[in-house]
Amino acid sequence: MSQKLIEVKNLKKYFNTQKGLLHAVDNVNFYIHKGETLGLVGESGCGKSTTGRVLLRLIEATSGEVFFEGKDILKLNSSEIRELRKEMQIVFQDPFASLNPRLSVSEIIAEPLIVNKIYKNKADMNKKVQSLMNTVGLAQRLINTYPHELDGGRRQRIGIARALALNPKFIVQDEPVSALDVSIQAQILNLMADLQQEFDLTYLFISHDLSVVKHVSSRIAVMYLGQIIELSDYKSIFTDPLHPYTQALLSAIPIPSLDIKREKIILQGDVPSPINPPDGCRFYGRCMHRKDTCLTKTPELKELHPERFVACHFVHNLGLVK
Amino acid sequence: MHKYIFRRLLMLIPVIIGVTFIIFTMMYFTPGDPAKIMLGESAPHTEVAKLREELGLNDPFFVQFGRYVKNAVIHQDIGRSYATKRPVLEMIITRFPSTLKLAALGVLVAVLIGIPTGIISATKQYSLFDNIAMVIALLGVSMPNFWQGLMGILIFSVYLGWLPSSGFNTPAHWILPALTIGTSTAAIITRMTRSSMLEVIRQDYIRTARSKGQVESKVIIRHALKNALIPIITVVGLQFGYLLGGAVLTESIFAVPGVGRLMVDSIKARDFPVVQGGVLFIAITFSFVNLIVDILYAFVDPRIRSQYK
Amino acid sequence: MTDQLNVNMSNEDIKKKSTKKRSQYLEVWRRLKQNKSAMVGLLIIIILILSAILAPFIAPYGIDDQDLLNTLQTPSKDHWMGTDNFGRDIFSRIVYGSIISLQVGFISVGIAMIVGGSLGAIAGYYGGKLDNLIMRMMDILLAIPSILLAISIVAALGHGLKNVMIAVGISSIPSYARIVRASVLTLKDQEFVEAARAVGTNNTRIILKHIIPNSMAPIIVQATLGVAGAILSAAGLSFIGLGIQLPTPEWGAMLSSGRQFIRDYPHMTAFPGLAIMITIFGLNLLGDGLRDALDPRLKN
Amino acid sequence: GNNQSAPEGDSGPGTPTDKKDVLIVGQGADAVSLDPHATNDQPSSRISKQIYETLVTQNEEMELQPALAESWEPIDDLTFEFKLKQGVKFHNGEPFTSKDVKFTLLRGLDSPHIGHIVGSIDPNSIEIIDDYTIRISTKDPFAPLLAHLAHTATAILNEKAVTEFGDDYGQHPVGTGPYKFDSWVNGDRVELVRFDDYHGKAPAIGKVIFRNIPENTNRTIELETGGIDIAYEIPPTDVSRVESNPDLVLQRNMNLSTTYLGFNCNKEHFKDVRVRQAINYAVNMEAIVKSVYKGVGAPSKGPLGPNVWASNQNLTPYEFNVEKAKKLMAEAGYADGFKTNIWTNDNQQRMDIAEIVQNQLKAINIDAEVKVVEWGAFLDGTTAGEHDIFILGWVTVTGDPDYGLYPLFHSSQHGAGGNRSFYVNEKVDALLDQGRTSVDPAVREKAYIEVQQIIKDEAPWVFTWSGEDLAGVRSNVKGFKQHPAGHHKVYTVYFE
Amino acid sequence: MSEEKKLLEIKNLNIHYITHEGTVKAVNDMSLELKKGETLGLVGETGAGKTTTALGVMQLIQTPPGKILSGEIIYDGEDLLKKSQTELRKIRGNKISMIFQDPMTSLNPVLTVGEQIAEVIKLHQNVDNSQATEKSEKMLETVGIPKSRSKDYPHQFSGGMKQRVVIAIALACNPKLLIADEPTTALDVTIQAQVMNLMNKLKDEFNTSMIMITHDLGIVAEVCDKVAIMYAGHVVEYTNTKNLFTNPKHPYTIGLFNSIPNIKDDEARLKPIKGLMPDPTNLPLGCPFHPRCPKAMSICSQQEPCRTEIYKDHFVNCFLYENVDNKS
């Protein structure tokens, strides 16, 4: 468990927009152990997907380093990236938008095999497609159907089969279940857990649904406005959140149970714009513990205990840490 | 907003340069010698050569182009017509009012017919009115303009004697050409209005308006129409822009002294300076119309307004 | 391991679906079939195409059977649409003319679609400077009056079907470039394109296999309407004397040569005019129907 | 300035007019320039004719008459002396003197546009004797000089006005004619008003408007509806309509124009006179003219129109005889015909002719492709001799056979000069030279009659059509008479 | 349940969408009731018919393709289905208001938020323009937006603020009944908490009854007094919130609870409901849930179960309970 498959250092991704420089990912550091699932949660637009995409070099980082099995993949040239694609894959949020509506199920799953010229003959390839469909629980009969004829759960299975086609070691799961109904969501989550076991996969699991993230992850990173503000094993985040934002986030989740009556932390205000964000703590405007220092000094993500990271100036002072 | 307009105008420069160069090249390499055309079938070689010399047509391509650009930039002079010897700018400017009037009236007619028809068609989708309106609109698009114009003259000038058949100097003269242009443009506008309205009335905020208890007519006018206006403005602008380039066929049928006919005549006569100036003028008016359309967008849609700042 | 149960579940459901239509195009076709006016349009076009193909069997006379003794006859049993100023049978010429007009329409649209479409796809997909360059070029092309373009082409290459098609085709390149570019712009940020890139697909394949097929809807619509426009443009060119080679029975040319007789022998313009109108009417009906059928939002 | 005129006759039908003092003339194109030296197009000349005067003039019967020159006499083979009319004023108030004549001719000689009209004059020999006497010499003997001086292109300008307006003179014409220029709405109309100091008979109508109505059908309609008083160039299809309308009068006059089908004698097939003759036999020109021109004008009998002086109307035409044609083709070795092309510009009648000729040539196995070529390219191509057969027209404006034959058949005029059939015949050249240089009308006439016979026999052309001018006139318009050269006087017109 | 005055009573409501693809039976034989001040949760997965029910009450079903086939919607003693459009317009936005699912698209992008709130006030209250503007500004402040922003356009607001504007519109005329169609689904958790908090406050303040449509059982637990669970157009279980959470009865309801990852305890695997939602145009015969039901019996595929009251105020549509004695 201790071997780091991915290590991200000072990763930045800024977008040039009409209104200014958008700090989508701003100095992010984390690593993922081989075989584990790192959950990444945060509110809409905080930079989760961007992080995932930069990791796969689907978009180019502004600066920083991403090590995959020890080599910095941000320095690879385009043919090396192509090789990398076999190792790292992604499953997208929207099972409808992520499948080309003009291609049939088998064509979609075969695409990675074709473009990477994995098989010389068609029969072998078809066999592989069939076995992939079996793996993700898609009936053979669907081989010639088109995405729009299928429901969301099956579509997401196609996306997963496509990601598995090249036998990757690492898969970014970008909100793979948030478009699905709860009953289907559970099916897909179970499938992904099974695949992880079977193929020894490592996941970066992106979601804004904390209960889902908690269910699948070994460790969880909480993002706010382009930065990771807390990172820890899944238990401590829930039992013992340190960052004021994490606390608010957790308290805000509606829990489907009548027993637990919690005091909710209702934050004031909205998530500020990521365009030219001010110095200092980005949570400042909504934080109930804010102090003047927070306005000027950006808190670093510090390792309080082993594997327990938080970015807040006042974790100790607030008595938040036991 | 000012900045935005300024930036847009700045973007005109490469287009103008490109247009100038391309037209120049095209005219240069298109067969047909302006001197020969001007002198006609009876001109002796010597005279043709003399005229070519006079017009500077014997110079190499880049010398001619350079001279043109130099005069245009330094002396703000885009030359004189080979044929009439008039300043090109003056020729275009005297022709422009008719073209502008024709375009504006045509578009006005089109808008007055097209938008209400489109709205009713959309709100009563698949009704009898909708079907009839669509058939008429389609016929409007399908009818060749010049045919429609000739028919109009025959009916309204010759048989009924209500309207003059050609010329463009009194309001009575404007009616037929404006209708000719207007009806075919109306068809396009009707169709655009209809599909744009259809799209808008399916939007959630229309449902919101209804859920407030708003009456249907107000839902359509106040909530739907303004949102549907953007694509409508776009086609209106586009059509207006095209028409400002001169509706050649309509102009020649109704003997309207417009830019379109000037262009065709000049092209046929290889009157390079006029063609060159005319195309530039058209390109610039077109860009201005586009700019106005974009500014109108901003008036209609606050989202676009905020982008221009 | 996985929830095999799901797979077996609602089998009937899937069977029903998979025995149903396979591709989206069939789906579109099904929707189109329900649109009566589109079907009328399609029928018109089919009849035209058939009459174009079968012209030698349908037309009672040849295209250039002159009879200077029987000029300008009004419609009769022998000449359903009368004869023209050379005594030729107008009906036969219209039947033969459908080949020409359809050819003008389809080929010039084809030219515009291929050239404009490729330019638009490249501009939209690669963006940046290339996009700017291509689109400014399109602006310039748009600024050049199509008549100038036509005259230049006709003057340089001569009169004739081919050159009219080139002229009309070139002048409508910008509109295709714009449409394709717009739809490529929306498509290229779609997740399925990103997914293709994620599995290592190169740009050419992405454009050809993933983007172009998905941007067909607006192109098809524009093309059907464009065919109509092209036929009208060609007719307009004939009107200012830049038409097709004589004695080719192009409808626009027939219309414009009948113009001098419009007061005494309106049948000479009425029939070709009507032919143009019906064709364009049909194409527009079809185009509108396709627009509705291809746009899932308008479906209900 | 067009606003005040609008209610007077231009606002469409139904406008009451008490006393009509505006004459509106519709023609098919706008004038290009009213500087006679800057252009040579018919619409411009038609307007210039009312503004300017020439030294001599030709009446509607093509007889020479005094105009600004009261009298003239030949001094020698090369020189004429003109006595000028006194007390003539230009529109700008300047008096007319021989200085203006010299200035005008020199300026004209400089202009490429009218070289073919004034080219024969020797610029160094224009001699001012006194204010009202001037001598003009040609470089070589040039018999048709007087006819050329009657051409509107030699209208007399005023030096002061020309220098004053410079490049813009074309829009500010100043002449000595009965009407002076008032305003010009480009592309639409030119307006003229009566010149009160005119030295001749003052015109009856105060204002003349020349309107540009490009569509033929429309001109007739405008005439019918009263929008215009005179319509030039009534199309053949409207002849009966105008004739049968009691409000209108159709004036028909043969003019000086001819339309012809020419062979490019440089081309393989057409080097052989038998082929040219065969085509002459194979084409039923009679029928073509009837079908295309609907009885307007007449089939041509020879290269010159009937009202050109010394026109040979006694040539026996080639009859329509396909058998004979076939025989000639066979003799020439083309029994199986050949492929060729017919060039025409986009003039409707010429295209029609081409279409029928193409059809008729099938009978002798000639497969002709009709090439409708845009005017500019047509001139280029035919100058360069790219064509096989072509259709074109010619107007012998001066009414002198020299003008109607020399450019078209003299071997020095190949290509641009007018001889687009690239016809060469030494005998013809010699006779044409003789006709041009001899001052004896009898000698000239004989030469021209002979030339026409040779041309007919050698058949570089298929003679096609002699033109006729059709003007529609509202019946209250009197005093209008068409001029064979096309520039009709309107200052003699009055309303009844 | 019947002692207090009922504000709304839906009886045997059937709504279908008739399309080219087939007929969607979106709402089938639905009966529900709501008392003053009460909040009813309407829970179900996508396509269960929640929005259709709400639009049915508002009489805003798009026709065609939608059609209310039969049933009664009794509001304040009067059947809405029998009312004319003019009468309905007086009720809509005034006595019954609706908050739509997606705040991003529910506001008209070209009108200022102030105008949009003022519109509903002008429609139902006898006020002039300036009073309406004043009231709309007050309403904005009530939902926590400074009144200075009333001249702004929707695109200038964040998602949470837009939803608050929508709430302001809905509450502007103190409606007696508020229908909230997944009012927070499009929002982030922390923002959702803000909005829910606000809604609860306002509901208490105005003493409004509410139908809360959601697929989130967590929200139900927080705000609802009673709940109707919908599946494929049918209400399958209908009871108060306490019963639902402590003693769910219908196999679908139970399956739903099992599918949700539990934030409290760890579990290795979820226990999803097998299979998928049926094709809405082609619902299975019998109980619509039977193909997915782990306890399906042969009767389930033949007959539709009736509503059975297994305890007081606890209704289930399932054959498992049909023969159980009501009292037990």
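As written, the chain order gives the labels A, B, C, D and E, with residue 1 at the start of each chain.
The working rule: a residue touches a chain if its C-beta (ideal position, glycine included) is under 8 Å from a C-beta of that chain, and two chains touch if they have at least 3 such contacts.
Note that the structure is predicted; figures quoted are calculated from it, not measured.
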item: Farthest chain (mean CA position) relative to subunit A; value: D
item: Best-connected chain pair, where connection means C-beta pairs in contact; value: B-D
item: Intercentroid distance (Cα basis), subunit C paired with subunit A, Å; value: 47
item: Rounded Å distance, subunit B centre to subunit C centre (Cα mean); value: 23
item: Separation of subunit A from subunit D, taking each centre as the mean of its C-alpha atoms, in whole Å; value: 87
item: Subunit C residues counted as touching two or more neighbouring chains; value: 3, 6, 151, 155-156, 259, 262-263
item: Residues of subunit B engaged with two or more neighbouring chains; value: 30-32, 150, 158, 252, 268
item: Contacts with 2+ other chains: residues of subunit A; value: 153, 187, 190
item: Residue ranges of subunit E in contact with subunit B within the complex; value: 58, 60, 88-94, 97-98, 100, 102, 105-112, 119-120, 123-124, 153, 155-156, 166, 169
item: Complex contact set, residues of subunit C against subunit A; value: 1-4, 6-8, 14-15, 17-18, 20, 22-24, 27, 190-192, 194-202, 205, 209-210, 213-214
item: Residues on subunit B engaged by subunit C in the complex (per definition of touch); value: 14-15, 18-19, 22-23, 26-27, 29-32, 131, 134, 138-139, 141-147, 150, 154, 158, 191, 195, 198-199, 202, 245-246, 248-249, 252, 263-264, 267-268, 275, 278-279, 282-283, 286
item: Subunit E - residues contacting subunit A, complex; value: 45-46, 158-161, 188-194, 196-197, 215-222, 241-242, 245-246, 255-264, 267, 269-274, 276-277
item: Of subunit A, residues touching subunit E in the complex; value: 43-44, 151, 153, 181-187, 189-190, 193, 208, 210-212, 214-215, 238, 248-249, 251-258, 260, 264-268, 270-271
